[in-house]
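Chains: A, B, C and D, in written order; residue numbering restarts at 1 for each.
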Amino acid sequence: MPDYQAILDEIREETRPLLCQGHVADYIPRLAGVPREKFGMAVVTLDGRLYQTGDADEAFSIQSISKVYTLTQALQSIGDRLWQRVGREPSGNAFNSLVQLELENGLPRNPFINAGALVVADVVLGSPPDPRAQLLATVRRCSDNAALRDDPEVASSEQANGFRNAALANFIRSFGNLDHSVHDVLGFYFYQCSLAMSCVDLARGFLFLANQGRCPWSGGNILLPDQTRRINALMLTCGTYDAAGDFAYHVGIPCKSGVGGGIVGVIPKQLAVAVWSPALDAKGNSLAGSAALELFTSKTGLSIF
Amino acid sequence: MPDYQAILDEIREETRPLLCQGHVADYIPRLAGVPREKFGMAVVTLDGRLYQTGDADEAFSIQSISKVYTLTQALQSIGDRLWQRVGREPSGNAFNSLVQLELENGLPRNPFINAGALVVADVVLGSPPDPRAQLLATVRRCSDNAALRDDPEVASSEQANGFRNAALANFIRSFGNLDHSVHDVLGFYFYQCSLAMSCVDLARGFLFLANQGRCPWSGGNILLPDQTRRINALMLTCGTYDAAGDFAYHVGIPCKSGVGGGIVGVIPKQLAVAVWSPALDAKGNSLAGSAALELFTSKTGLSIF
Amino acid sequence: MPDYQAILDEIREETRPLLCQGHVADYIPRLAGVPREKFGMAVVTLDGRLYQTGDADEAFSIQSISKVYTLTQALQSIGDRLWQRVGREPSGNAFNSLVQLELENGLPRNPFINAGALVVADVVLGSPPDPRAQLLATVRRCSDNAALRDDPEVASSEQANGFRNAALANFIRSFGNLDHSVHDVLGFYFYQCSLAMSCVDLARGFLFLANQGRCPWSGGNILLPDQTRRINALMLTCGTYDAAGDFAYHVGIPCKSGVGGGIVGVIPKQLAVAVWSPALDAKGNSLAGSAALELFTSKTGLSIF
Amino acid sequence: MPDYQAILDEIREETRPLLCQGHVADYIPRLAGVPREKFGMAVVTLDGRLYQTGDADEAFSIQSISKVYTLTQALQSIGDRLWQRVGREPSGNAFNSLVQLELENGLPRNPFINAGALVVADVVLGSPPDPRAQLLATVRRCSDNAALRDDPEVASSEQANGFRNAALANFIRSFGNLDHSVHDVLGFYFYQCSLAMSCVDLARGFLFLANQGRCPWSGGNILLPDQTRRINALMLTCGTYDAAGDFAYHVGIPCKSGVGGGIVGVIPKQLAVAVWSPALDAKGNSLAGSAALELFTSKTGLSIF
């Protein structure tokens, strides 16, 4: 077994020069205020061992990483019927593009672009009584952290600036692919994006995807083994915006990124790894975080390919 | 001078077989309820003579024809500065497409596609105290009809079903090309679309465009001669959705159509002509109305080309 | 009647400062070698009077202006059946774009974008015995200049660099919308573009379009009055690449431009006007030439609107 | 270890009802003439054991599967410099689309769409003395079959009907992203597509990708371990046209398909599997072949996720 602690510490040093590069998301004050020097990384192996470096215990806004959890909820709720309302193909366009949505009549390409996540949110809203409480409970259970919560200031800033997402939601609604009101769908979506988690939370919280859907802490089955494999496949092909091909090429494991600077990766039957560094590259993925994951798979020799 | 009355009556007969073709707009009840048998046509010449046939006195929802009046208001208000926020080119896409808007960073191609009309509405909202009252006053003055008014039921139905327009407005707002709230811009836009006018109102109400911008009834100057020529040019290149090329080819005069089945045409220094028949062709223009205008220019020999 | 000679001389002076702006086409040596100081302008009125200024007698490569002549030939040959193979709508895209062609299954939007001109060339090739000789004869007759000819060096340079046009032709062929070989269609197309004409030739050569299709010199009917009006309508909506809306707005008469720096305009029942200045604006139209035409319609008060 | 022979025989039975569905490629006679009843499948494990069923020894046209071999050649030749001329992202468009190529200025999205394969062919042509002989030698060595060859009739039919590919090549050339003539690039491309291989050949011939780049038969290193992982990643994200997301989801291993009905899959460190059935689904992948691969990973429990 590789010496994960040593590897994480090495990566911390080797990526330090990158922290001054890239651009911290600044469309809402809460994200803009995060110092670009922050860097954390955590690994949790299947047997529950935890390795961490840097600011791995500091919570940040998970943003689009939440899409994996709501997809999980939607699959728990309606199973493969979900795929009648959202596709499974990489998009070849920016994460918030409306072009493809128009050409394909309101059927989003996959659940990890914003349009697809809005449809997933609409599905989740169809499961009473309290979808937000249910999402929070799932994330807490997976992460084994009962104190984990959302950040209402982030959600309300997102709402105030979310014109592009409001455009997407109205557009999808115009094609009849939303059952709930645009207001409710956006409200839920901004809630999920505002969940605050640390690298340790995220590594723990994604370990069920490396473990055939079974949560190691509670022993509960979050997803069936088949569904688990398929979410991993979706993360690989669509999880890192319009850089998924590059990620598969350079990193070689399923990953999901967020505009808050977090990225989580899964190596099936082995481990989950999370990294956080707020400054983003041109495609919206954490710049130092992407480099850290490439170093991780290279140093450990782990890859699914 | 052609015998306009005889020509209108002939056209009425010749287009009768077309009234059973096409599709009446049905996205809101008020439009869906209009009988497809309706047909009216009116001509007003520069010396003020009126000719009419069929249901030319019956008011209908002018919808996109209103875009000519709000463009007029915007040019009165900020002049050529308008063109920093909206283009003057035909779109080559459907009237409510978002594709081009994305490729061109939120700058609508022209003021007659919905996206452009929303930006124009935003400009008009910048002229206090009461833009709606001012619009209504202008339309009444041009049409010489003080009883002319809006139809609130149409506006509220539009609002309830206007997801595509809400998508457009939010999208433009995300590019920073709206100053007012999406709610206010859409409210004004649905108001303008709900104005109810007859063919006689419209023919009278567009005569200033055939008269170098001068309103024959009040003697007031609505627009400068230069601005008038330019609105006519825009109507020719962009006034009939994605059929403007075909209209220029077959009809050969500046026209503006609406989804309520109305079309108005202008022959500079001669006359204005309005036609109404609710069933639309595949591009959203009145089917019998388009045929009637082609017959009109063919029978009178009038054309700008 | 305006004093055309004085107006042309004024325009010559007023546009002189613009000659240093813009970019002379340089994709083939023959065009790249034309001095940017060149400027010529000519007007021919319906009664045959000629006015000219600057380098109005110097021949240049007419390039896309030739598309009006081949469209004329195609309409003479197969009439309105042409419109089953090419549309009449403005494109909303660059003149050599393939995007729209793909979305619309190989049916070019109009005969004045390159794709449409290739289909028109294919139609013309279907009229034996010698389409090139026939084109040349028509242009000579319209221009009343028996010495007018093509420039083989231009045609062969175009051929050697015409990858984009070869892409278009192969693409259209893949949709089944070319009857002749790609090689033959391109050969004819590069031939037509290589015709060399002066402003005087062009003003004379387009006068039939201001004269209901009748050639004033020979007295022959080139086109029917109806067809003539329709070509003028097409020139207005599609004649100046992706700036047709702006041209209609600022110049207000049907025009056709070429990448050699020529632009011809038609004022029905009055005159034809041609201008030449090699440096182009960002949309591919002669920069000083566009300004000159705007000055011309403004100073003479002539406009179709 | 699973009983591969039994599994292959089961799959053969279970997919039999699918052979009457889908559409055999018919754009060239040689492909159109293949009976839709054909079905073959072969597995070769890392220790060299071979399992096969049905028509697994019958050679067919590998078409786009050849793109993996030419990519291998290009990486051998110029390494990562290749990625300055072609991207690594899924396309989100049909395999022969020109739209994205235009928006992205002639840089193809990945080496497995036709545009990308043409650029790869151009790179390969830069390695004298005889690129075709070198390609054939590589394929023969990998497949351990010295009798393997191309089918000149297929290549010449492709050439005669390859207007779309000629459009792509000319288009790329117009952006300056081809060094060799369009004629030579297309000639090489049609040659590579015409290689004829059986399922047994293909399973053997792709085993080096499951073996870290090392050819088990000759013991030679075709690619470095890193390069091998990366080709597998590209196959997963881009190997099956616009169905790559669906393939990753349902099949879960790197695959490359061809319009001749073949599909090859790689399970790193385990095996290579090839299947052939000529009738295609709407996205251009073998219909029964796709089902067979999904059954294979499901029955064996093998997946990379």
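Everything below uses one rule, namely that contacts are C-beta pairs under 8 Å (C-beta built on N, C-alpha and C of every residue); 3 or more make two chains touch, one makes a residue touch a chain.
What you see is a predicted model, and the numbers here were worked out from it, not measured in a lab.
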Chains touching both subunit A and subunit B, listed by label: none
Farthest from subunit B by Cα centre, which chain is it? Let me know. D
With chain centres taken as the means of their Cα atoms, state the distance from subunit A to subunit C in Å. 55
How many angstrom lie between the CA centroids of subunit C and subunit D, rounded to a whole number? 47
Per the C-alpha centroid definition, the whole-Å distance linking subunit B and subunit C comes out as 32
Which positions in subunit B touch two or more other chains at once? none
What's the complete list of touching chain pairs for this entry? A-B, A-D, B-C, C-D
Residue ranges of subunit D in contact with subunit A within the complex: 87-93, 100, 109-110, 228-230, 232-234, 236-238, 242-246, 248-250, 252, 254, 268, 303-305
Subunit A partner, complex, touching residues on subunit B are 97-99, 102-103, 163-164, 166-171, 173-174, 182
